[in-house]
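As structure tokens, here come the structures.
In the two assemblies presented below, subunit A is common to both, partnered first by subunit B and then by subunit C.
Moving on, here comes the complex of A and B:
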């Protein structure tokens, strides 16, 4: 049923109208909705998608048309009510006391003269100038922007060090400073553990596990993914480490990164050995033995780094285990899944939104099932020739640049990821689809809800072909996150997803299922 | 008249000359966070804007803006003379004598050259891609406009204009913002370097646009009309001048200011600017 409602001479900005249309589309029973001015071009567009009726056709260019395609009159009426409510809300938001969003650093500082940190997210080519301006004004910087040259990064970091300031980034997506989450970060309470990381979802996974075990953090300092490369030389990781070591509230430090350059590892090991506080290192895929030989606590997974930190703070002995549940329970879960797989279903396909989570899963699975193809693989032979097509056991990080050009990151919008999930289910060799579900500030408000249609569709695709697909996932988040951790968990479990406590455990479970239980004790 | 007095800090110079010896009456058309649009009989759109924002055609910057905005309502009556802007029913007076005139005139000291233009435009392409908002139908029509304009075929351009004027959500639909960006760039290219091909396009395009501008919202119509007179909002004309000038001075700052125009107008205007550069650089003939 098509209904058009006309609001004469009403004006709203484009973002507001897009939001209204998008919220209306979430209403049950609503097939399509639009909120547009009644210009000829817009009416033509609405006509083409079958949303216009005679009421809409009669609207003029200065009238707002709310066009709704609902299953029945009740749905249409309810959607109209919702549209009016949303527009009214927007009107009151635009009232007297509305906050003006500053458009420049000067304007922001005029408003918040006491601020001592600035988050910068502008196109890469302008980032150096903005970050330099902020540092020269004595402000710490979190630089969200990427596409900044390594030369500029070094220059900015040296400038920051001269002024004893933090220069987090470029390409720094996660930090928690003095309890304030910046970028993609979770709601984590204050506590005795300090984190420094060159990896966004690495920091998120570690801080979330710590929070779920009842502890908190002092700071989580992001350095940007390139900081530990040879050229940059770990300039900011070194500062973060020294700052946390000197911080009276920090009792223990966790470092997280992909493997640093050899020279950088040596330099950091020297600093770690000189630290007054205990330091746990998680350089995913790095040379753990070298670290251990030097007496440094090194871990293989993000989970292990977090749990070890919790144990040390609590004065408990850390005991490594593959699953939170007992091995026999894990075995039962795995069996319930693999008993439904056909013989030919022997591959795992991981569709990730977090790069470090994808990498962690890749490393865990490599030990258990052998070669893993990936867009993140270090070995040329395991790199995907075409990132849009999976091969054998394969994990893809859909948050990587090659997937996000011109489209939102999968943590924000799961459209591309959903398509890939269904695509994987069409492959008769696939037995498991492995997912990460990242919550927190900046992430989709209901990421589980956004993934469900794809999970259902993929299940249906397999079912129609006489197969079963096992979904394995973990949630990176905390009960305090805006998405409601428990509700997200419930949605996934109700959809039949095997939900594990951590990403590493989900990887072990995926291995156990695909090997029909053989790797359970590995 | 008793009531509250506000200060005008800037006024569009042309507007000042238009109203100097005349009296216009009108009504408040729309009120936004940072701008109040007033429609005057026989004059058109006048925008009273916060001093935090930019200048533009028929703009008056007034302060303290938030208090002013709080006193006005849509349809409030307004009277504009060379001396003051008055809203009688809430009792608001904005004397214009202290306002500095803004001419909007900008100058290109040294032309950038085609290679530099191409390099600059490639940077903007990335900005545009990073701002895509998923409105496929609108994007497709904008792409079609680009192809039509680059083809140089008048009939194709006319058809594309039919579908693009007034296309998109909001106060100034996306399609109109693209056209405004294009118009601003092609008008900013100094006449001595335009060449016959470009001059011909500017003339034809302006005539076609003039035929179409009634098909959109009042605000957008007004901005396009001012654009056809060579008058644009400050961030847009400043960016075009920075693109056309030798060196990258002010490019980043001007781009940032343009992206701050409206809710999504800035990015759409940038698309038009890029189209203008592409058109300028396209092989002639």
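Moving on, here comes the complex of A and C:
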């Protein structure tokens, strides 16, 4: 049946009416519907498709005609009701307060013409192009992405140097520039120490220790892990050093990296010796003697680099110490743990999220307990055949590529790490599970909370087998970090974790426990 | 001093490309950051990415050419100077020739509405007696078909122009070129949507015998009507001058009435003329299109220029021409608009995208100026906010901003103009098109209106060809 309803003297925009009609047509039992002003042209159109009756024909150009062809009266009535509802529908204030996210670097630059740094974390195959564009527009770059070829890295870094720009990365996870934490970084105040680092967690640990000792940094410049390899030749480390050396606010420079290529070490030593400012070098596992022979201040742990920097700034003599607490207190802590271990529990298992923290722990432990198996080991005999299975004393970096394919990094999501923790507790030979807990921007908002279920479950697994598992850890973070440092600390301590001030101290404590106090020394 | 040191003295202002959480972290610290909604360039096609990178080496000269192109297009001053018989005024128009919208197409490949319009034109010219005869003639090879764009002309929808039709003549007062476009017939059953019934032909005859001579007289009296000026003002009044021309048509009527009254035309004729124009909100469209054509023709054949000079659809294909590659067309099958339909019709009746009216977008109005015409977004069920978004997105693919056409709601920012294929392909954003929708069968006419995006492949094809021509 055809029905026409007239709403006299009501004007609606034709597009609005077309929209009403199109919504009406979705109603069940409706063959056709129209909502049109009663102009002659519109009436003719409705006439042609047989939608008009005498009611509609009588409508004037200022009247709204709702014409409905429905299967029965109920359908027609309901459609009319729906039409009125649609016409009277209160419009949301779909205001013009539109936020449009720029789709490109250039569009973003229009929005923020003062921009001076571009942080890039797109998939590796696209990263070079984006970084190249940024450099060509005179902008400094932090390139978080990995999977960028070393050739591209060299190309980008040379381009950056030509334009006197920073090209941090590829694979640069951490930087703090002008007080702003970029990527995975901790909240560290401004102060007199400049950091140049080829390793993310290395920078995080050093800057956090400095912050917890009440000092701050000028800049923490990341170079990406490959910068000090032979091919790249320390292009960006050299620039970082020179920039920090030329910065009036920087009084002291800390340089951190895995051991560089020999040629690169030589080159850097030349530059360091030419610096006006004191440079503290921490090449984890590097040739300390060579450095010292050249008169360069070299340290063997991240902790030492940070503490030495603090002492220098404060004008104090740096005194090497294995623990912040007294040796007897450390002894008591160790004893409380090892007294609960069974005779067969001989091994330390480190389950790390930070690569450099894992490395530092490995170096410390090697001196104290001997061979350490690891996925990071350089010696073939100590490399894990199967990274999913630990051997004897063993530290794994679960942030390494082998573990993160297709799953989030353990600093962001601890699922994989949690599984591994429980797995280690099932091994009767294991006495200690050693962890790093990394806070700061980029990291899990409650990493301690995320680890707790695994710590509890591991304890339960051991207990059910009549064993005790000792947990040793340190927090890499500062009280300013978004995670609430003290709350994280409380959670871990309540779970029975032996919490040490730094990663290096945690390693020493693990050694002290597993050797039943034999390695304890000042 | 070194730059690294200079950075240390500045306030850090970051652009974040990639993980949104990095931008959030910077915001949490109270830092300055703009996040980019990044997507893989060219849809991740490595071959095209390589090509884009090669082009980056020529950026300087391409940008130089493109900036000049924007200057030329926005500097053109289109003025309506008269009307003439198509066969007499359109360059290269033969006596047995029919012009149509879009890229070249032969009778067999023409879509329904274009065929319908051709049939109508043959009937109108008196070259055929009835539909059957017209179809035979159309297919006989006796008629030459040629795109409007090959003759400095444009036509909405089917865009069919036959020699006896009168066309507007729009001159570029800032240059030397001219462009031509037919007179808009109104809405519904009209030739340009493929209708050819008796009333359609009668109307065309009236337009030829009464409307065109009267308007020509009035335009002569006016000394020329500045179309750029009317367009600029209409944008301030809620038109985007492609799918919405209410304000512009009203402004035109206001301009033409005193001129009509100054002629020796009889009262009855003047009343009919004004009545006809007033009854058609889209009357201005054909004037606007000719004005856009005058503007965009100024960049045809510019070396090293990656800006689209022509975008048009013949209802079978959509085609573009690139300034830097001259006369060459790049075509792909025309898309289906998303839109609203008149009572009695649905998407099943719709013909693919059709018409030369996309000259509007290429000249910096239409969908480019969507933010000026919030009423238009209703076609897609959007909000005024979406209209603003549409325009803002179009800035991403344009070389410049129009010096005369402004958008009040964007604080009078110039409309985006100079559609750059490098940016289209790189960002994967293709231009929006606002369009009317014709019935797919000949003889029916308009069934709705809507919007769509131009297909990416034509821009990719053009980019490949462009890369070969760089000088």
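Here are a few things to note about the model shown:
Rule of thumb we're sticking to: the second predicted complex is superposed on the first by the 418 of 522 C-alpha atoms of A that agree within 3 Å, B and C clash if a C-alpha of one lies under 4 Å from a C-alpha of the other, contacts with A are read in each partner's own complex, and residues count from 1 in each chain.
FYI, a residue touches a chain if its C-beta (ideal position, glycine included) is under 8 Å from a C-beta of that chain, and two chains touch if they have at least 3 such contacts.
Because the structure is predicted, anything quoted here is derived from the model rather than measured.
Touch criterion met: A:16 reaches subunit B and subunit C at once. Applying the stated contact rule after C-alpha superposition, one finds that A:104 touches each of subunit B and subunit C.
Legend: residue contacts after superposition of the two complexes on their common chain; A:45 is shown touching both subunit B and subunit C.
After overlaying the two complexes on the shared chain, residue contacts for A:242 are found with subunit C alone; subunit B is out of touch.
In the superposition on chain A, A:62 makes contact with subunit B only, while subunit C stays out of contact range. In the superposition on chain A, contact is made by A:129 with both subunit B and subunit C.
Of the two partner chains, subunit B and subunit C are each touched by A:36. Using the contact criterion defined above for the overlaid structures, shared-chain residue A:348 touches neither subunit B nor subunit C, since it reaches no partner.
The partner of subunit A that touches more of its residues, comparing subunit B with subunit C, is C.
Once the two complexes are laid over each other on the shared chain, residue contacts for A:144 go to subunit C alone; subunit B is not touched. Residues 13, 15-16, 18, 21, 36, 41, 45, 48-49, 94-98, 100, 103-104, 107, 122-123, 125-126, 129 of subunit A contact both subunit B in one complex and subunit C in the other.
Every residue of subunit A that touches subunit B in the complex is listed here, in rising order: 9, 11-18, 21, 35-37, 39-42, 44-45, 48-49, 61-62, 94-98, 100, 103-104, 107, 122-123, 125-126, 129, 147, 405-408.
Touching subunit A in their complex are the following residues of subunit B: 30-34, 50, 52, 66, 69-70, 74, 123, 126-127, 129-130, 132-135, 137-138, 141, 162-171, 173-175, 215-219, 221, 252, 255-257, 260, 262-265.
Chain contact summary for the complex, subunit C toward subunit A: residues 1-5, 7-8, 10-19, 21-22, 25-26, 28-29, 31-32, 34-41, 46, 49, 52-53, 56, 187-188, 279, 340-344, 346, 375-376, 378-379, 381, 383-385, 388-389, 392-393, 395-396, 409, 423, 426-427, 429, 448.
Residue ranges of subunit A in contact with subunit C, taken from their complex: 13, 15-16, 18-19, 21-22, 25, 32-34, 36, 41, 45-46, 48-49, 51, 67, 92, 94-98, 100-105, 107-112, 114-123, 125-126, 129-130, 132-134, 139-140, 144-145, 163-166, 177-183, 187, 218-219, 239-240, 242-243, 246-247, 249, 441-442, 482.
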